[in-house]
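The structures considered in this document are given below.
Common to both upcoming complexes is chain A, partnered first by chain B, then by chain C.
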Partner chain A sequence: MWHEPECRNLSRLLIGTALYPSPDIMRQAIEASRADVLTVSLRRQNPADGGGEQFWDYIKDLGKRILPNTAGCKSVKEAVTTAQMARELFDTNWIKLEVIGDDYNLQPDPIGLLEATEELIRQDFEVFPYTTDDLVLCTRLAEAGCRTVMPWASPIGSGQGLLNPFNLTMIRARLPEVSLIVDAGIGRPSDAVRALEMGYDGVLINSAVALAQDPVAMARAFAGAVESGRLAYEAGVMPKRDFASPSTPTLGTPFWHGANS
Partner chain B sequence: MTRSLGIAGAGLIGRMIALAMQRAGHTVTLFDRDSRAGHDSCSWVGAGMLTPLAELEKAEPIITELGLASLKAWPLWLAGLPEPVYFQSSGSLVVAHQQDHRELEAFRAQVTRKNTTAAQLHRLDRRALAELEPELAPRFNGACFLEPEGQLEPRMLLPALAAALDAAEVVWHEKVAVTAVAPGCIQTAQAGYHFDQVVDCRGLGARAQWPHLRGVRGEVVRLYAPEVQIGRPIRLMHPRYPIYISPRPNQQVVIGATQIESDARGPVTVRSALELLSAAFSLHPGFAEAEILETAAQCRPALPDNLPALQVGAGLLRVNGLYRHGYLIAPAVTAACVAVLSGEPQPYPTLLQSDDAP
Partner chain C sequence: MIELTLNGEAGQLAKPMRLDEFLADRGFHGRGFAVALDGDFVPRSRYADVTLRGGESLEVLSPMQGG
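And then the complex of A and B:
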């Protein structure tokens, strides 16, 4: 999404709006995070009965860009209906698409996800699919027309961090034109730093901030982490070496010793 | 000096302010669109958990302060009522299944961090747990014991308060919808009533005056569970389905409560019922044969900080935002309101609000 001119300056931290101790603390945490994009779920609020409106109004009043999500949807039909409802409620064609395939670890259903993505793109949605870290699936989602793909770091809310950096690195290398956001599983700021150092365009977090003992302070920590990780990526990390190389040469030590050790 | 007081809203807080003020010698008139039974109020569905320390997991320390003061005040309130009300304060327990033990650790860390009172949270091993609640010990290695906690039965309290109000000869306009509340005046569809002072405690019914007030939907299930012998309120920490079970007289148990950012008042959904019942069953196998007596859903009135607030003006006091803390803090909030109405020093000045600032 950062490829689009109007999104170029958006923060690389996207933040969720669930699980905070109160809406007030949520607002303070969002401000401290310096995020510009908020994700909002609407599945359980009975939108058809007019429920949830007060809470969403409160979120709209924060003046950020809204990325509605289909959290909790288990079928293509449910996800598509929820996306349509979200478009009306929040007046945006952005949708973070979740189609859950497993109840226990909330792992996305890859087949349903691709199907729902194709359907929503036909309906002119800008789809941000939440997916596992499977290279082929991420590629198919990009081919279907997603300009942003969001592989997980580990299961939602687990706080396990980047469980498979190898996969994430490969996806980054193979999909250079796609905006990649690590979504789900980030537990601590250092996870976010790592994702951005690897060249990921952004991270999406919620539990990591909302469930911290002090959500506002943790949001501030993540704001710094994302900035630091991105700067490191742009600055270019030095290569790893298998031998020590002092930045001040040790006088009198022949340089070829390193190669023999 | 005897003065006249009109109260809009006869839920828990309306009833308690009415009784306190009438007994202090004022002439009180109550208005509510509901009947005396109060079955349409949020108070009727509440579980009556009195857990000031456990609430620290999410709430601000002021809730603990109000809750501890209220826990002390409840026995005095109940002693003044004409009917018995089930109440106990022998502590509550917080448990987590083995695979979720980190949730219990996080709970303990958060409560310890935010607790500013002398009240204590104790860690129990399996043997200590078995002494307090023998039927929980087989499934749980240990627990947190929160000594200054308890519960009461709202379904006994609300009728007992109604009986006390009748005995005190409070005028009660039941099933009368209030259309507006202004300083010194309560307006119904039929007429306008004038008083020296007016209190607005209509909860979500007063939304026009509290622009940031919202409903937080809560769902509960009431069971008849003769095979479950548990004496204290139990909270189950779970990453997805945190629930409590609250034992009642006559082998009844209330399982609650979902927390959904929604005003929808529809019946309990299948998903919520599954969550509540599965979590309860995981706590004690005796729930398998329990009978489902009732499922109920209500919306709690909440302000953006999830704290109660009093708006004080000449001839008009508005109180709102008791959220999920109604029974927990009602005596203290009543005391704060009575202080405003009687011009006495305010015991909880942080509750006073000049307007509905977001």
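And then the complex of A and C:
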């Protein structure tokens, strides 16, 4: 995503709009996060209750880019149809593609995900696939035409952080040209720092902020985390050593009496 | 009477009805929703071309919070 000129300056934090204690806290948290991209969804709603228009007006007023999702879809057909509906409703060809293969841990169905991705790219969508941290699947998604791939850190809403850093590191190393966003499982700002330090281009969070005791303060913490992690990646982290190496110069050490004294 | 399903709930119509008229009748006004008919997306520009004749399943979705 950040490879495209118009997206170069977008925040590396993408944030969801669900689970906040109130709409006003959601708005404050989004502003504090400094995110430029918000995820939203589509659901059945009763027109007598406003039919989602109030929420949509609220989101539109924030002036952010919208990344609709296909949350809850379990088949290729459902996901493709939901994406088409989202394109009309939100007036964007961006879609966070979810094809869920397991109800218990909301793990993506890799086969359905790839199939739906190929179909949606044929229909000129910009597909942001939510995927497991499987290197080969991520590679196939990139080959299908995804410019951004979003492997999970751990199951959605679990807050367990980066359960398999090796897999994430390998995906980063093997797909240097693809924008990679860690989506799902981030629980604390240090998880975000770590993902960015590893060279991930961004993180997508929701529960980590919305379910914090103070969502607005936590949003601010995440804003700092992605900035810090990205700076660290660009700065280049020092290599690990097995033994201590003094940082204070040894020359002129006080009270030194020589090796044999 | 003809039967159809709207957002998972069974309903009835006295006679076949155009989709745009049906939606207005059920309170869906403005642009804050999108429609699928029997699992296929129906673009807004085609609402007036589609007639509900019974047995259809409609999904009418609106913006919602999401992660």
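Please note the rule applied: the second predicted complex is superposed on the first by the 241 of 261 C-alpha atoms of A that agree within 3 Å, B and C clash if a C-alpha of one lies under 4 Å from a C-alpha of the other, contacts with A are read in each partner's own complex, and residues count from 1 in each chain.
FYI, a residue touches a chain if its C-beta (ideal position, glycine included) is under 8 Å from a C-beta of that chain, and two chains touch if they have at least 3 such contacts.
Values in this document were obtained by computation on a predicted structure and should not be read as measured data.
Q: For chain A, which side has the bigger count of touched residues, chain B or chain C?
A: C
Q: Using the touch definition from the top, say if A:Ile156 reaches chain B (first), chain C (second), both or neither.
A: second
Q: Please work out whether A:Asn206 is in contact with chain B alone, chain C alone, both, or neither, and reply first, second, both or neither.
A: second
Q: I'd like to know which partner A:Asn69 touches here: chain B for first, chain C for second, both or neither.
A: It touches chain C, and chain B stays clear.
Q: Which holds for A:Thr132: it touches chain B only (first), chain C only (second), both, or neither?
A: Neither chain B nor chain C is touched by A:Thr132.
Q: Considering only the touch criterion stated at the top, classify A:Lys77 as touching first (chain B), second (chain C), both, or neither.
A: second
Q: Touching A:Glu53 in the superposition: chain B (first), chain C (second), both, neither?
A: Touch status of A:Glu53: both partners.
Q: Is A:Thr148 in contact with chain B, with chain C, with both, or with neither (first, second, both, neither)?
A: Neither partner.
Q: Please indicate which partner A:Glu88 is in contact with in the superposed arrangement: first for chain B, second for chain C, both, or neither.
A: Second partner only, chain C.
Q: In the overlaid three-chain picture, which partner chain does A:Pro21 touch, first (chain B) or second (chain C), both, or neither?
A: After superposing on A, A:Pro21 lies in contact with chain B but is clear of chain C.
Q: Please identify the positions on chain A that touch both chain B and chain C, taking each partner from its own complex.
A: 44-45, 51-53, 55, 157
Q: In the complex, go through chain C and note every residue touching chain A.
A: Touching chain A: residues 7-8, 26-36, 39-41, 43-44, 59-67 of chain C.
Q: Which of the residues in chain A end up touching chain B in this complex?
A: 21-25, 27, 44-46, 49-55, 58, 61, 157, 211, 213
Q: Along chain A, where are the residues that touch chain C in the complex?
A: Against chain C, chain A makes touches at 16-20, 26, 39-45, 47-48, 51-53, 55-56, 59, 68-69, 71, 77-78, 81-82, 84-86, 88-90, 156-157, 206-207.
Q: Tell me, which parts of chain B touch chain A in their complex?
A: Per the stated touch rule, the residues are 58-59, 106, 109-110, 113, 212-215, 217, 239-240, 260-266, 271, 302, 304-307, 358.
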